[in-house]
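Going by the order they are written in, the chains are A, B, C and D; count residues from 1 in each one.
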Amino acid sequence: MRSVYLLAMAFVVLAVAGPWLAPHDPAQINIPHRLSPPSAEWVLGTDALGRDILSRLLHGARWSLGLAFVISVIGLCIGTLAGLVAALGGKLADWLVMRTTDTFLAFPDLIAAVVIAGVLGAGTTSLIFALTVTGWMRYARVARGIGLSLQSQGYVVQARLAGLSPFAIAWWHYLPSLLPSLAVVWTGMFARAILGISALGFLGFGVQPPMPEWGTMLLDARIHMRSTPLQMIWPGMAVVICVLAINLTGDALRDSLAEQERRS
Amino acid sequence: MTIHATGLSVVRSGHTILHPTDVEIRPGTRVGLVGASGSGKSTLGHALIDILRAQGQSVSHVPQSPDEALDPLRSMAFHWREAERALNMAPNPARQETLFTALRIEGGDVRKRPWGWSRGMQQRFVIAMALIGTPDLLVMDEPTSALDPVVAADTMDLLDTYLADRATALLLVTHDLGLAARRVTRLMVMEAGQVVEDAPTTQLLSAPETVAARSLCAHRNWLELPC
Amino acid sequence: MIRFLASLTFRAAVVLSGAALATFALLWHAPGDPALAIAMARYDALATTDVIAIVRAEAGLDVGFWPAFLAWVGPLLVGDFGQSSVTGHDVLPEVMTALSYTMPLALAGLLIGLAISLPLAIIATRRPRGWLDRFAVAIASIGAAIPAYWLGLLLILLFAVHLGWLPAMGARTSAHIVLPALTLGLGVAASLTRILRSGILEARDQPFLPAFTRRGVAAGGIERDHVAPHAAIPVITVFGLELAFLLEGAVMVEVIFARPGLGSFLVNAIEARDFPKVQAVVVLAAILFVTVNLLIDLLYRTLDPRIGERDA
Amino acid sequence: MLNVDGISVRGGTRLRLQDVSFTLARGQTLAVVGESGAGKSTLIDAILGLVPCHSGHVTWDAAPVRDCRPALVMQEPRSAFNPRMSLRRSVMEPLVAKRITPDQQHLDQLCHGLEIPPDLLDRRPSEVSIGQAQRVGILRALIAAPPLVLFDEPLSALDAVTQKHSARLIAQMQRAQGFAALIVTHDLGYAAAFADHIAVLRAGRVEELSTAPAFVDAPASAYGRRLRDAAFALGALEHVA
């Protein structure tokens, strides 16, 4: 369990410190050495323009992980707010918010993201917009569900009877119950955002070259699949390992949460 | 057939929650197993069922609440047929009707699933199902606590009438000595995983010997509490 | 029940209207002048200011947002999805052709996913936390982390490039569906395994099961008659999510394998800025998705009557 | 004095409470008995203002009942406490809400009366027994000295001996503090032994309202008689020979 959290921490460090760890300039074009196999100089080889793949991967971590973090946190804020408004704002607010949520859930999210990012034109802003718009609903549902169940929970009723202010009730009783579950959802959405960013990058609707984003790198590598297949392996591996680490962190978090629930 | 089980004991994660115990129950008798919560009475009840079943004796169990006895996705008829099959018995509508009439659930629609019946009727159905094979022993776990008093009293009366001239013995597991005293002729008092006292009801009520039994007796009746 | 059906249908209608509005609003506010795009596509260098103005009027783009929305949504209700802004052909037949390629792919993916995950979950849950269970969970976790497009590329590399067993690109023969369907199916298997596994474990943990054992019901009977139906319920509820997964997986897979279908159709339409086509795909996906979820709600209610009881 | 004046409460399409009226003075105890679904819990919710009454009103000394800050003791003792907080913090909540600094002497006195060992309050709800949790629940209800305390099946989660112990503690606290107590219970034995009056609720209506001894002797309604006979049959009451 501990090792999972350590692994996740390692990725955070990598995403933040990646650019300083990179041995080469990720944008340095070096035509004579294009498509080199892995060597002491180029640990993972070079791409079609002779750029160092390891350096590009390390710089790319900032794009893939950093953007995914931003997207999942914006979604967390919007979704939690919507869910709490639905749970606590009365019947009409609940109906409006939940039908809006259903509307956004009516599209398979990656398809919606592709359409939004594609229609608004490739670029980082439309990428963030596309993945945020399609990624807040799960938080809303979870927050609403917990909010509703807390409303009839004994200690919340007691707090209301005692005359505690709504703000104090939200702070002392709602937030501590919501946060762990939202954290679990967040890990899932973080992973989903990484997958979404690279998928859009791969389709050409995401982060634009020459930025070293993993999905975009994969798109470049695909052309030379037959001659240098390794070049295609690395960015994919980076995505898989990151997503796996985040998902495992989420699983560990959920398990320890269930354990806590069982004990109380 | 006389119920006879020796050396019942349960150890769970290093803690002895039931010390070695022998139980003997004669046919047709009614025995109460009483004790405070955590005294190990339910554990003894379950251990008794498991060991008797392993010995090939027929014994059946009625859990505290129908929720612990019925699958909400399956019809009452399904439960009934399944219970018959478990006893290797052919379907017998006459037997079903006798038991349904005895417990006054003959009006219930067996095609419905449990939630289509009231809780009181569900509980009586579970009791009827437990009586299909005319078992040597019927173990009931807190049979009244999940029901409303009027329904619970009716159910106990119907069961009393049905068992009156039959060889099936009854073991009533409860924390409530007041209830047990009304329903059984012999009482076993449990404390800390041990049967500390075992005596006819009248004798135990008039002259309890152990601390546990004395405490139960003193708190038996709401209107005669010691001050 | 009828009231429930009515409220469910009403809800679906509200959601679909919202979806149509959201789609239209997105495309309406998209950067660039759609009339210019149409004029460029049709008349290329001849697209003067006058031509653009005529095109704008013809396409009904010179009115405001709401009239334009109503002009689009009205025919939609009777199944008219409009004409391609580039070719001028009706959109619906083209979408249907694309769908006729995507549906078999999605179905094959689903079947492969079930064929892998069902036995895996059943074997794994025989002994929870045993090595087989851990193995299944590990496989499922890794599977869930692999993006479909990368898996597709790996499969092409292995089976088409190195081994030369299977064709990779296009959809000429029936053998062409194997690799795309496998790509999709492996992803589905990963998520279904997790869901099935936790469903079975939860179903085994129900409070009434010990009573059945004490009643003398055989272990096999309990598994078949009481565990399996309860385990099926959560699986059915996530089927809507699986459908989404299948559709978006199909989009990616079609692009990688250069297969005709909804995915390629959509990506091409976006790149050509042929918005009526984009709208048609998105709205059809929403209709499909909402309908399936509505059916799941109904099925869920008949399977688990406790839900109905709670509503009443 | 609590004055419940002809209240009706709607729940879905039917009436959960129908024209319920009674009064309850300080120091007095009213037990409300009846089967599940009779509207006992709805009555508590209505008095506390947790559900709206569609007719009638509830007052305390001619003011809205909310103003007297009534307290509630719940059926599930542990659920009344936030599992993430120490019992002490939950107990102090009514004082914190009123911005009153806790009086240690008063707290010690209450703990002593309820037989709560001093260190118990520093534990989490999951670390105490059900009986202890219920006594702390009563402590929490009494800490801000409310004039009215509602008990929703306060004993049904406890075993027979603990029930009687807790019932006696509640009665002692009532004598010392002088609050009015409304006790919802399905246990007629408890009602007969500790209440001044017994109200029988059935299908949302008050079937009868009698003094406790009169009820045990001779219930006025047919349903009241069935309830009393069931209590005899289950050993909750003894026949007075």
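Rule of thumb we're sticking to: contacts are C-beta pairs under 8 Å (C-beta built on N, C-alpha and C of every residue); 3 or more make two chains touch, one makes a residue touch a chain.
Just so it is clear, the model here is predicted, and its values are computed rather than measured.
**Student:** Centre to centre, using CA atoms, which chain is the farthest one from chain D?
**Tutor:** C
**Student:** When the centre of a chain is set as the mean of its C-alpha atoms, what distance in Å lies between chain B and chain C?
**Tutor:** Comparing mean C-alpha positions, chain C is 53 Å from chain B.
**Student:** Indicate the whole-number Å distance between the mean C-alpha point of chain A and the mean C-alpha point of chain D.
**Tutor:** Whole-Å distance between the two chain centres: 50.
**Student:** With chain centres defined as C-alpha means, what is the inter-centre distance between chain A and chain B in Å?
**Tutor:** 55
**Student:** Chain contact topology under the given definition, line, ring, star, complete or other?
**Tutor:** ring
**Student:** Give the pairs of chains that touch; include all such pairs.
**Tutor:** A-C, A-D, B-C, B-D
**Student:** For chain D, which residues count as touching chain A in their complex?
**Tutor:** Residues in contact with chain A: 48, 50, 69-72, 74, 76, 79-85, 90, 93-94, 96-98, 124-126, 140, 144.
**Student:** Hey, which residues of chain C end up touching chain B in the complex?
**Tutor:** Result: residues 207-208, 210-212, 214-218, 221, 225-226, 229-230, 303-306, 309 of chain C touch chain B.
**Student:** With touch defined as at the start, can you tell me which chain B residues reach chain C in the complex?
**Tutor:** Interface residues on chain B, with respect to chain C: 46, 49-50, 53, 60-61, 63, 67-74, 78, 82-83, 85-87, 113, 115, 129-130.
**Student:** Which positions of chain C touch chain A when the two form their complex?
**Tutor:** 11, 14-16, 18-19, 22, 26-27, 30-32, 141-142, 144-147, 149-150, 153-154, 156-157, 161, 243-245, 247-248, 251-252, 255, 266-267, 270-271, 273, 275, 278, 281-282, 285-286, 289-290
**Student:** In the complex, go through chain D and note every residue touching chain B.
**Tutor:** Going through chain D, the ones touching chain B are 35-36, 130, 156, 158-165, 168, 186-190, 192-194, 216, 226-227, 229-231, 233-238.
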